[in-house]
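Common to both upcoming complexes is chain A, partnered first by chain B, then by chain C.
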Partner chain A sequence: MIYESTLYKVIRYVFLVLASIFVLVPLIPLVFMAFKTGEEYSSTSVLTPPSNWFNFYNFGYALRVGHLIKAFLTTAVILVISLAIQILFTCMVSYVLHRFDFRGKKVVQTAFTLTMFIPVVATQTLVFRMMHAVKLVNTMWSVIILYAGVGIIGIYIMLNLLDNVTKEIDEAAWIDGASFQYTFWAIVFPLMRPACTTLLIIQGIALYNDFYIPNLYLNSNVQTFTVALYKFYGSMSTPFEIVSAAILIGMIPILIVFITLQKYIYNGIAAGAVKM
Partner chain B sequence: MNKRLFSAICGTVLVSSIFSACGGGNTSAPASNGGNETTAANASASTSSAGFKRISDIDTASLKGTSITLYTHGGNRVLGEEKKDENGNTYRDESYAYLKHLAEKFESEYGVHVDLQINSTEDDIRPLLQTKDPGIDIYTSPNWSIEEWQQYAIPYCTLDEAKELYGDYASTMYNDGKNVYALMPAKTYNNAVVYNEETIKKVGYDAIPTTQAEFENLCQALRDAGIDPIAMHRVENWPLSTINDFANYVAGSNDAYPSMLKSDEPFSESHPMGKTIRMYTDWKSRGFFEADTYTDFGVAMDVVGNGKAGMMLFGAWVVPQIQGRCPEGTDPSVIKFAPAPDFGKGQYVMAAAADSYAISQGCDNVDAARLFIEYISESPEYLSDSGYIAMKKGVDPIVPDLYKLIDDAVAAGTCKVLYSYATDENSINNENVLSEANLLADVKYAGNLFDALDVTKDPDWSAYDAQVEKQNKAYVEAREDLGVSWQ
Partner chain C sequence: MLKISEIGKEGRRSKRERALFIILFLCLPLLHLLIFSYVPIIGNFIVSFTDWKGFGDMKFIGIRNYKKLFSNTEYISMFKNCLWYLLAAIPQLVFAFFLAVIINGKFRGLNVFKGILILPYLLNGVIVSTIFIIFFQNNGSLNAILEGLHLNGLTHKWLQDLKLVNPAIASISIWRYYGMNFIMFFGALQTIPTELYEAAVIDGCTKMQEIRYISIPYIRKVLFINIILSISGSIQVFEIPYIMMNGSNGTLTPVIQIQQSMYDNRVGFAAALSVLVFVIVLIVITLQRLLVKDD
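What follows is the complex of A and B.
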């Protein structure tokens, strides 16, 4: 058993409290603003609590005028399809790179690694022109295709996990007459589930919060949640009390996912942790 | 399947997935070129003498059932004005959605659907314009350079054609001396004094004074009464560009901005620009601008509407928006528009073409786009509701009430009209010099000076004066580097 000194405990609690304040303080004005009327918002400080905590007008207005339900559905469709493709391809690519030697393997590995050093923004002019040429701009497929790409972080996570899945399992299956596809689908892929969960969480949250790609590729007829949120921002004025309510609504799916998948998140992150 | 074959297939999939992107690019090239050819053809047709069509020249029957997409930064004319209900909650009053109503009327008359899209900033539409995306047909104009207009917009008509229909105002539309790139179908008065009559009455004034000294007394009286005299919304940079018009009033001519080229000290008090920036900064030191920061321009308009601030120094376009934001139960007509006071050279007001519409180079339904823009130019009610005056030859204008005070002053001869300086070599060169001196973006030439004065201490103008010297030096160096001078 490890004994902590009182001083250490005090320091630990002080740091934890400070960290909590650092995270929670920005949320306080957000919650306050979401329940304020427009009049209250423009006449009181952001740190002044609302006069009526049961004023849900802003939430209803945000859902109705911002078409947030439609935006959530669009976001969900994009995430489900793109994450399914991305995770599947990441598993396949990682399996091949980990288990097989073939001519050009180093080149492929290096190509994937190089993508880490190229900022997304740097390639967007060319990528946008390509999407435009195949008439995918303003369709959700443009975003799905861009999100579905295999990333190096996902490959590292999978390779790390595959280090712990002994190759003898594959060989035993081959001796029993299993094909390479069967070995991958029936034996290795199920064992990669913890890493898949990790990738799902990391990429799911990143893509849900992404603004740059959907704003660039989608117009207001097809928009994700972040773009729908941005549409409240006018060139002249922005009703921040409505935006605050919309942001709180946007946090609900993340909270639900976190609460329901809490166990998998902790286990997944531990199991799929990257050794760099 | 053996291991070698499986690896080969997987390898092929990986490599082909990399090259498929290149292939897409290659195969897309003809399509893209084809698109450009179509666009070039459209552009060519539009610049030919037969290209500029009036409604009577367009085969409207053939356009029935088609649609066009219009991107605008004026969301209030699509969604309605943002107002507060009796409980203080924000809502959109759709009766103010003038562009939406006009598009519906247009569709019922011509059978062409207008899809209205709102962009928060001009950068939102830039990728679509750069790729000549057919998803954008018309856009309301951002404040871009002539080069960008040439790059993204089809020339709407020649300058001569525009002059024939819009008179001298045509020169103030976005043009390169030959072609007009955005039609501006209305005229307006630019930056002057937009004020709440009820608010200034509280401190004993019935109207905006006509002299600078009296105007400053009014501001002081408002400040003493705990009311922000002028809502400027300094937290953003663009409101500072109103200084350009006020510099013209100080100069008593319309060339204060381009005439900076003539001076070696454009930011000193010897030049109208420098004198005006100093006047604004002096007003700041005396507390004439808002003490608190407004989170956005909507709040700045709200405070004038609800009487917490006395006035704004903006153009006619802001009047209907403030009127739409007046609290329930108050008379919106208390928001009035008056000439700026006499700063030593008389009372003036700037007049210019207003409300611009451009056709994108990617537009694949140019006739329908032209039809809608021409339809706008012949809709005096829509332009009036927006705060402007229709000015196309043959169209009976409806003059919004907000122009009355200025029109009366002009008619009485106490206020003179200055037409906005047309885009010419001098104005372009001055812009280039400011850009070269790193003073153009974000209106730094005014903002850097305005912010140099620290009003939290006793006004100490030494930092301001040092900034003046610095900017004068940078301006002259940039002018010499570019080798330009007043022509």
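What follows is the complex of A and C.
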């Protein structure tokens, strides 16, 4: 146990409380607003709590008008398909990079590493034209395909895990006559599950929150939750207290995921960062 | 009959089988990478020298797109806007670092603080934008707080004042993005063996000395990655100024302009701007690689 002076302990709490205030102050008026009536919103300060905390009118209205439920379902379908492909691909690439030496390995590694620095935007001018040419714009497939790519953070997380899975396991299987395919799918892949969970959560949050790609590729018939929220909010006719309620609804899934899986988020990003 | 020495580490698997396996596992992800990252980057470079509209013929027009970029003050000012975001990255990283240092320990309430402090990282751009419209609007919380503190002189029309709007919305990125840096720093700090700190305490080090001589050197690499990500992020700012202001009121950024040019069928120009953004990011990374040699 490291010795910590009382002064340090006090400073730590003061600092953390101030930091928490910094985080929460901008959020609180949003929560207030979601429970206020339109009249209350225009007549009271944003810092005044709502008179009735059980006024759920705004939430009901937001759900009815904003196509939020449909957008939720679309987002869910996009995420499930693209994350499944992405995670599978990430496992496969990482396994090959970790376990085998082959000609061109350095090139493959560098190609994946460099993507971290290729701005998504810098590629979309032409990718958009490609998607347009194959008629995938305004369908969820354009978004799914773009999300299915293997990212370097994912590779780092997997490599970090594979460091702890001894190669002797593979070698034993090979000598016993197992094929490369069988060794991977039946023996190593199941051992990669914790890293898959981590990647699932990190990418799940990132893709659920992504705005640029779905905003570029999807229109009002098919939209993700972020885009639905944006369209909702962009139409000036929507009262602000309704938008606030819609936002609180949008925060629910992410908070549930977070509260149950907080540990993985911290550990996962940390694992990725350390490997870099 | 095979001899043991011929079986080798990979059993009786042949070289051909091995090659096939590697190719099979890499081909689709690599194809994706090629089509959606590398082909567009190279394609952009070519298209940036043409007047392509996104359909029809392409006419080679030399460096006219680039000339346009550098001659129009509006386009130059959008790169200047990025500097505000770069400036905001400094307090963002410092805050994230000290937060990580201070939370790295065991004490009561640790998980509650961890939960609160990670909140902004979980929210999407539309949510963050709405939160900060409420915060910065004329009758919003910032002005209400200032009035409550009897600092009426400091209240402003934050989003309408041309001098204040960019620093105001750039400061949002501190709130929005510090969480990512914080988790990365925190993760890196956890890899430092506690023996180092114990030795430091025995030697009579102060907390600041510990940070200076143990924490910072130990997580130098992660620090640099975060700096690089912040720099390359500030040139790619999009969501907050786009959602909050639609790039109006002098809040245009290169990425918003790329998107608008795409919608206006000026793909050649959008490509030139994309190339410029890419080159800037590339320069930043090269500098980083030169500054921090692999350990």
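Assume the second predicted complex is superposed on the first by the 252 of 276 C-alpha atoms of A that agree within 3 Å, B and C clash if a C-alpha of one lies under 4 Å from a C-alpha of the other, contacts with A are read in each partner's own complex, and residues count from 1 in each chain.
To be clear about the criterion, a residue touches a chain if its C-beta (ideal position, glycine included) is under 8 Å from a C-beta of that chain, and two chains touch if they have at least 3 such contacts.
Being a predicted model, the structure only gives us computed values, none of them experimental.
Contacts of A:Leu73 after superposition on the shared chain: neither chain B nor chain C is touched.
When both complexes are overlaid on chain A, the residue A:Tyr57 reaches chain B alone and has no touch with chain C. Look at A:Met92: by the touch rule set out above, it reaches both chain B and chain C. Looking at the shared chain after the overlay, A:Val65 reaches chain B, while chain C stays out of its contact range. Touch counts on chain A: comparing chain C and chain B, the chain ahead is C.
When the two complexes are overlaid on their common chain A, residue A:Phe100 makes contact with chain B and with chain C alike. Residue contacts after overlaying the shared chain place A:Leu216 against chain B and chain C alike. When the shared chain is aligned, chain B comes close enough to touch A:Asn138, but chain C does not. In the superposition on chain A, contact is made by A:Tyr233 with both chain B and chain C. Contacts of A:Leu191 after superposition: neither chain B nor chain C is touched.
Comparing which residues of chain A touch chain B with which touch chain C, the overlap comprises 92-93, 96, 100, 102, 108, 111, 125-126, 128-130, 132, 179-181, 216, 230, 233, 240. By the touch criterion stated above, chain A contacts chain B in their complex at residues 37-40, 42, 55, 57-58, 61, 65, 92-93, 96, 100-105, 108, 111, 125-126, 128-130, 132-134, 137-138, 179-181, 215-216, 219-220, 230-231, 233-242. By the touch rule above, chain C contacts chain A in their complex via residues 7, 9-13, 17-19, 21-22, 25-26, 28-30, 32-33, 35-41, 43-44, 47, 54, 95, 98-99, 102-103, 105, 107, 109, 111, 113-127, 129-132, 134-135, 139-141, 144-145, 148, 175, 180, 183-184, 186-188, 190-191, 194, 197-198, 201, 207, 221-222, 225, 232, 235-236, 238-239, 243, 255, 258-259, 262, 267, 270-271, 274-275, 277-278, 281-282, 285.
Of all the residues in chain B, the ones that touch chain A in their complex are 1, 3-4, 6-8, 10-11, 14-15, 18, 21, 24-25, 27-29, 31-32, 73-76, 79, 82, 84, 87-92, 117-121, 124, 127-128, 130-131, 133, 135, 295-299, 301-303, 321. Residues of chain A touching chain C in their complex: 2-4, 8-9, 11-13, 15-16, 19-20, 22-30, 33, 45-47, 89-90, 92-93, 95-96, 100, 102, 108, 111-112, 115, 117-130, 132, 145-146, 148-150, 171, 173-181, 184, 205, 208-212, 216, 226, 229-230, 233, 240, 243-244, 247, 250-251, 254-255, 258-259, 262, 265-267, 269-271, 273-274, 276.
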